[in-house]
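For reference, the structure is listed below as structure tokens.
We call the chains A, B, C and D, going by the order they appear; numbering starts again at 1 in every chain.
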Amino acid sequence: MLSPHEVAKLQDKSQGGLYRLLRQCALAVLNCGSELDSTRTVLERYRNFDIQITQKHRGVQLNLINAPSSAFVDGELIQGIREHLFSVVRDLLYVEDEFSVCCDDLEPSAMATNIVFHLLRHADALHPHVKPNLMVCWGGHSINRHEYEYTKKVGYELGLRGLNICTGCGPGAMKGPMKGAAIAHAKQRIPAARYVGISEPGIIAAESPNPIVNELIIMPDIEKRLEAFVRLGHGIVVFPGGVGTAEEILYMLGILLREENGKIPFPFIFTGPEGSEEYFETVDRFIAETLGERARNMYEIIVGDPHGVAVRAKEALKDVTAHRRATGEAFHYNWQLHIPPALQQTFEPTHANMAGLNLSRNQPDYELAAQLRCALSGIVAGNVKEPGIQAIEQFGPFELHGEESVMESLDRLLSSFVDQRRMKINHEDYKPCFRLARPKGEQTGT
Amino acid sequence: MLSPHEVAKLQDKSQGGLYRLLRQCALAVLNCGSELDSTRTVLERYRNFDIQITQKHRGVQLNLINAPSSAFVDGELIQGIREHLFSVVRDLLYVEDEFSVCCDDLEPSAMATNIVFHLLRHADALHPHVKPNLMVCWGGHSINRHEYEYTKKVGYELGLRGLNICTGCGPGAMKGPMKGAAIAHAKQRIPAARYVGISEPGIIAAESPNPIVNELIIMPDIEKRLEAFVRLGHGIVVFPGGVGTAEEILYMLGILLREENGKIPFPFIFTGPEGSEEYFETVDRFIAETLGERARNMYEIIVGDPHGVAVRAKEALKDVTAHRRATGEAFHYNWQLHIPPALQQTFEPTHANMAGLNLSRNQPDYELAAQLRCALSGIVAGNVKEPGIQAIEQFGPFELHGEESVMESLDRLLSSFVDQRRMKINHEDYKPCFRLARPKGEQTGT
Amino acid sequence: MLSPHEVAKLQDKSQGGLYRLLRQCALAVLNCGSELDSTRTVLERYRNFDIQITQKHRGVQLNLINAPSSAFVDGELIQGIREHLFSVVRDLLYVEDEFSVCCDDLEPSAMATNIVFHLLRHADALHPHVKPNLMVCWGGHSINRHEYEYTKKVGYELGLRGLNICTGCGPGAMKGPMKGAAIAHAKQRIPAARYVGISEPGIIAAESPNPIVNELIIMPDIEKRLEAFVRLGHGIVVFPGGVGTAEEILYMLGILLREENGKIPFPFIFTGPEGSEEYFETVDRFIAETLGERARNMYEIIVGDPHGVAVRAKEALKDVTAHRRATGEAFHYNWQLHIPPALQQTFEPTHANMAGLNLSRNQPDYELAAQLRCALSGIVAGNVKEPGIQAIEQFGPFELHGEESVMESLDRLLSSFVDQRRMKINHEDYKPCFRLARPKGEQTGT
Amino acid sequence: MLSPHEVAKLQDKSQGGLYRLLRQCALAVLNCGSELDSTRTVLERYRNFDIQITQKHRGVQLNLINAPSSAFVDGELIQGIREHLFSVVRDLLYVEDEFSVCCDDLEPSAMATNIVFHLLRHADALHPHVKPNLMVCWGGHSINRHEYEYTKKVGYELGLRGLNICTGCGPGAMKGPMKGAAIAHAKQRIPAARYVGISEPGIIAAESPNPIVNELIIMPDIEKRLEAFVRLGHGIVVFPGGVGTAEEILYMLGILLREENGKIPFPFIFTGPEGSEEYFETVDRFIAETLGERARNMYEIIVGDPHGVAVRAKEALKDVTAHRRATGEAFHYNWQLHIPPALQQTFEPTHANMAGLNLSRNQPDYELAAQLRCALSGIVAGNVKEPGIQAIEQFGPFELHGEESVMESLDRLLSSFVDQRRMKINHEDYKPCFRLARPKGEQTGT
């Protein structure tokens, strides 16, 4: 049920129009099940894909041309994918309409939080009066078979306990927990089980939502997506992943370490099968070396015990429930959690921005966590992303300011990921793309 | 599920805040079943009524102080009224948020139409793919017992045929059809029967929504309320009423007489019990004398035959369905219908505005219909509304421009209403509060 | 979904077949809304009515020939009536199949109770875990307009409090409470409100179920129908009626006066509008004179106060709930209530059976109540029923054994009903059709 | 909601009582997920298991003592298992009550068919007006991992096409298709997907129903279970299995080869992954050698093509739908299919019964199919079942009457199954436990 005006916006191929975004997201949704994990490859392979919007009885009819055949069964679109297309249209139009206005009298941080709230409410993702039961699962999308089976088992145990799953869409650790939970929910006859996928236009093509996702939400950017995870979800389980997963962990630590959040219980569990301990050992050591022991108290690590993870999560959610009751906080949206503006803003990894980071322990741990998250983001860009590699070739390694020891920790973290084959890079090819900038005085002295 | 920001708006007692509107509408909703039909009386009687908004788990809790006791059963709010309060909050906040922005790049007429659409969609009042079945019922809220029973019978026959009812809320012809239809819907086991009430803040206190209304929608002003009736409803049944009902009839004729709407079928049936023929004879004669025969073809009059009305409505809705199918129009919103801007704007009955009307037949019939609607509105004000009576006392009768014969028709219409006791005025007290202005030239000549 | 075998049974016009019963019940169901209250008249008027059962895809298709037109709207059967036809088929087949076998190893009284249970369960009329909320309404089907409006108001007040209604089907006091409750349930948005109608083949033609009834149950005979009322219902409201209503009151007293039932709370309220007090005064006096004060404590009388009745019922149901909880009794079926076998057996009013009654106070009150119920039944037959009148003409008045004073009370009760126009008999025509039999000894002495 | 009388039956530990059956079935249901596939082992391991029936508010409370812990999550029974317990109680009581009486005036074959119908209807397993979509899956419960994954893929492809799954409960080919379909149904958002499990008391302990089964039905014996499959299901997919699966195939051929069934389309597809062709080759050759080419036309074999199986099934169901429409047959129960009495009766494999079989081709193919099914049943007993082995030791090999070549085919079939490790027997241990009986005349001649 769209107005002619809204249809026109979707058809608008000009700069301000929504057509380009719509086509990109629709393609991602249709391309589910694909193994391609690069946006560029996807867009190239389906260069001829087109989506034509026509009106029929003032409803919208989408004509899909040259769409991936995996989205169809005997010529009919899979119903789950049909619903995802609907979610795409819903969210793109809503953002377009409401974004700038829902709360234009608020300061930026509150405004971001309110926009996330409005988007989730509009998507019917806020269910009031339902006891906290939504576990966010983070982790890599290209984990190995053994790890994948483990994520299914964890999902199964969570599902047996009536918990719902929220992930970032895509394969691997994003999909396994949902599949496991789906079987468990069937056994427990939970009819309205939730498989929430939160994506954003920049990442959706690389991480196509699985059709099991029965609530797809497209947030306007990566930071709002992260904020949606932590305000909508009631706890987080982290599976092994790559640098992206490490970044998400640092994002979360940047929040949990804030004093304002000190008394807010937030289940934060790292887990993987036996054989994958190394990933979390690496991350744990890095956190210990840089942020210190206080940060290590924010999470717990459970190895090879899906049942234990689920029992722990269930218990921890009881604390969450009790705390929300006690403080009059909603069950459906975590307004209380303080997210520092630094984590709500996008970080662009240029040489200048990288040089502007402060990577020393002479600052509060939560600030260092936020700085490290940015550094990690930049280093990955410099190592494996096209524009980053070119920038390094042109201007030399990033100069970072801070402590030698923090640099060394960073270096160890990354080379360990390379060893564990968690980055698309060979052992021999790995070279740190950063170095400690000498203090100005020293430089002159040389 | 409101954001703290939205709660603050509802609590805001300042000029721009929503508190005042909220209190007024809430009181109206709570005061259902009352016989008071004057906004002022209602507000005075419940001078001490207050509504306090508090938050509980980020939901809203409304504390009602000195509320009308008829809204409660053994100390508990009637569920239907509770839902009406929810509708009030929903619509007031939505108008506040979206009004100016949903379509600020459109011209005023399209913008009005789009605002009505957005409000109805937000209120979940648009049900796509459902065959046209919503009959709007207009008529007086202070009709006699015999007429009231008749409206119930018509509602019953409509309901037996699966039709839904939409009225303007309030007692009399607004309530009877719903009660009748409710019994019929129960017999036909129609679980999702609709009893739509469309009101606006200015009128809601005088015409409290009946709790049978299961979809209450508060439009921002009277013109959008009228537009909502004709775009959401699929046909109209008019019962006897007073001058207000006559105004609504002229509004509708102002639309149906437009050439653009010539081919759009729109069931428009006037009906009343035996003994009430006079009302429609009076109106019909007035239309014949002023707008002519073409206008008389736009409606049909059925006397004392509830079964016949329902059969006719059901048949006519088949034409509506066929036409919408043929033209690709939505079943849920009548975008095609052209509503001239003159009918979308408010008319303020001052001496100047009245003098500016053109009441001659030297113009298209649809324009005369719109002018007559305004004249009627002004004359009623001059006869029975406090500010109008004062204005007449101060400045003399309204001077109207146009034809003698049109004036005479107007005069006959009104005195006949007085005779039929359809206006709150005695036969002896009735004096026309208007006169034909002499043409300029003649005046000078004297 | 019937088996071919079941279809054959329904089509079987022989003595043991179900066709005759099916036709009779179906006609009753289709004849709703009729004013005829005599089975014979109904059957005669629709002499040509036929119901043909054919199979279509192994479902049953009922072809109705010469059916009452009031059952149709524009040629389509009203959905409520369609469901009633389904109930008829369901219950007739079930009784046929299961009756003799469900519990053939039980003694007769327990067997009757179990049959009633099985029938209600099969009809989905037992809703476990729902707090007691089903009020049975008894009273006359030919009450005056004023009394009818009162039953609607009582139904409305019961409905506002979330109570459901159960009656014996038919017009008057059987229909009014349902109509009132339907409006109240709509206001309270109670989606699964129950309007239970319990009938039996012998009475259904005279008391056609109203289509508002959304659970129609056909019990195999009058005694099981009465037992269904008191085991399924949680309380009883009695409106003014005729002798039939008085019989029902005596049936209920015959149960409540049993010692075994002494501690089982059972709301039993007599109520009527102002102006109808006389009915209950008459009944109350009769009970006082015959059964004494203990019996008068079993009920309460409320005049002209619908609100009061509902508040009282609601309160009393709390006691019922508490008692069932305390004693582990089901909410959905009152197994505990002891119904003496005398009330489970049919009474045939022959001269011999009448002479066998003991109408003296030299027996427990509950036994006298049962005896009086039978006497009343016989006297009515002798006064107004064809076979009874003939029997009196042939054999003279019934000879009754017992006390003079009880006879006098009976006589006063009946002549008062005649005065109040509660019996189809004129004041002048009323003659007692019974007399006190002299003791044997005395007779010889003459 | 049980009557006290029904509760007493369930508690009755005497011979005629239901306690023993209830305990056995309940244990099976609780033991799901176990790898034990022998009834005896299960019963022994849970020797101390007890089920106590108590009443609480006239509902039944089951106290489980020493129940398998796998049925619980954190001390709470898995909901799916709870529903299975309910099904057990429902079906045991219903059989007890209705069995002998539902149709005691019918001849035995029709009576069996009607009992199956009554049981399925009572279990709400008959859904009228739903187009044929229920695929029965047969096959072994101890297939290898590769075959198991294949059954999941076939289930997934069936599920994507909206088809439902019915199996005999238990692991392997009984569980895989349901798991696959569950994921597909989730993607297609099919809310009321059916996973029907049909068991019987004799087999349920060895083949515990998987909790995904959302409609568990306990038929009273093995023959009614088989009849339920073919009358409720709309088509059959056979996966690799053992001798049991071969028996089921012969049962089905015994039906399909009947002339009366010649025009009734019945999808019958044998399928397995690449690498498992041998099973169906063996079976196919056996059928060719014994029953001939006509029998081979009754099924089709598809290897390594889950997508192809589903497309074929979907197509074939269209023929089923068309045929049922054309012949007025129900969608929900296949009354038309003629099942010869020989297949409705139990076969006891004694030496006498075995000797009574006629294993020659000098009879109609459908009769030979039925005879072979019995022979197969007996031979398996003689080879691997305790009582059978003892009988062979005591009385020597079974003497069978018929043709040499049929004996040879039987022998080849069984030794091939042994080679393929489809029977619990070693290659060296396999010895035919039967021989061709010499014709009487010859014997005398020796």
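The criterion applied here is as follows: contacts are C-beta pairs under 8 Å (C-beta built on N, C-alpha and C of every residue); 3 or more make two chains touch, one makes a residue touch a chain.
Quick caveat, the model's predicted, so the values are computed rather than measured.
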Those chains which touch chain D and also touch chain A: none
Furthest chain, CA centroid comparison against chain B: D
Inter-chain centre distance, chain B versus chain D - centres from mean C-alpha coordinates, in Å: 67
Euclidean distance of C-alpha centroids - chain B vs chain C, Å: 48
Length of the line joining the C-alpha centres of chain C and chain D, rounded to whole Å: 50
Shared-contact residues (touching 2 or more other chains) in chain A: none
Chain pairs in mutual contact under the definition given at the outset: A-B, A-D, B-C, C-D
Interfacial residue positions of chain A with respect to chain B in the complex: 1, 3-5, 55-59, 97-98, 101-103, 106, 110, 114, 117-118, 121, 126, 128-129, 324-325, 328-333, 335
Residues on chain B engaged by chain C in the complex (per definition of touch): 73-74, 78-81, 83, 160-161, 179, 182-183, 186-191, 211-212, 214, 311, 314
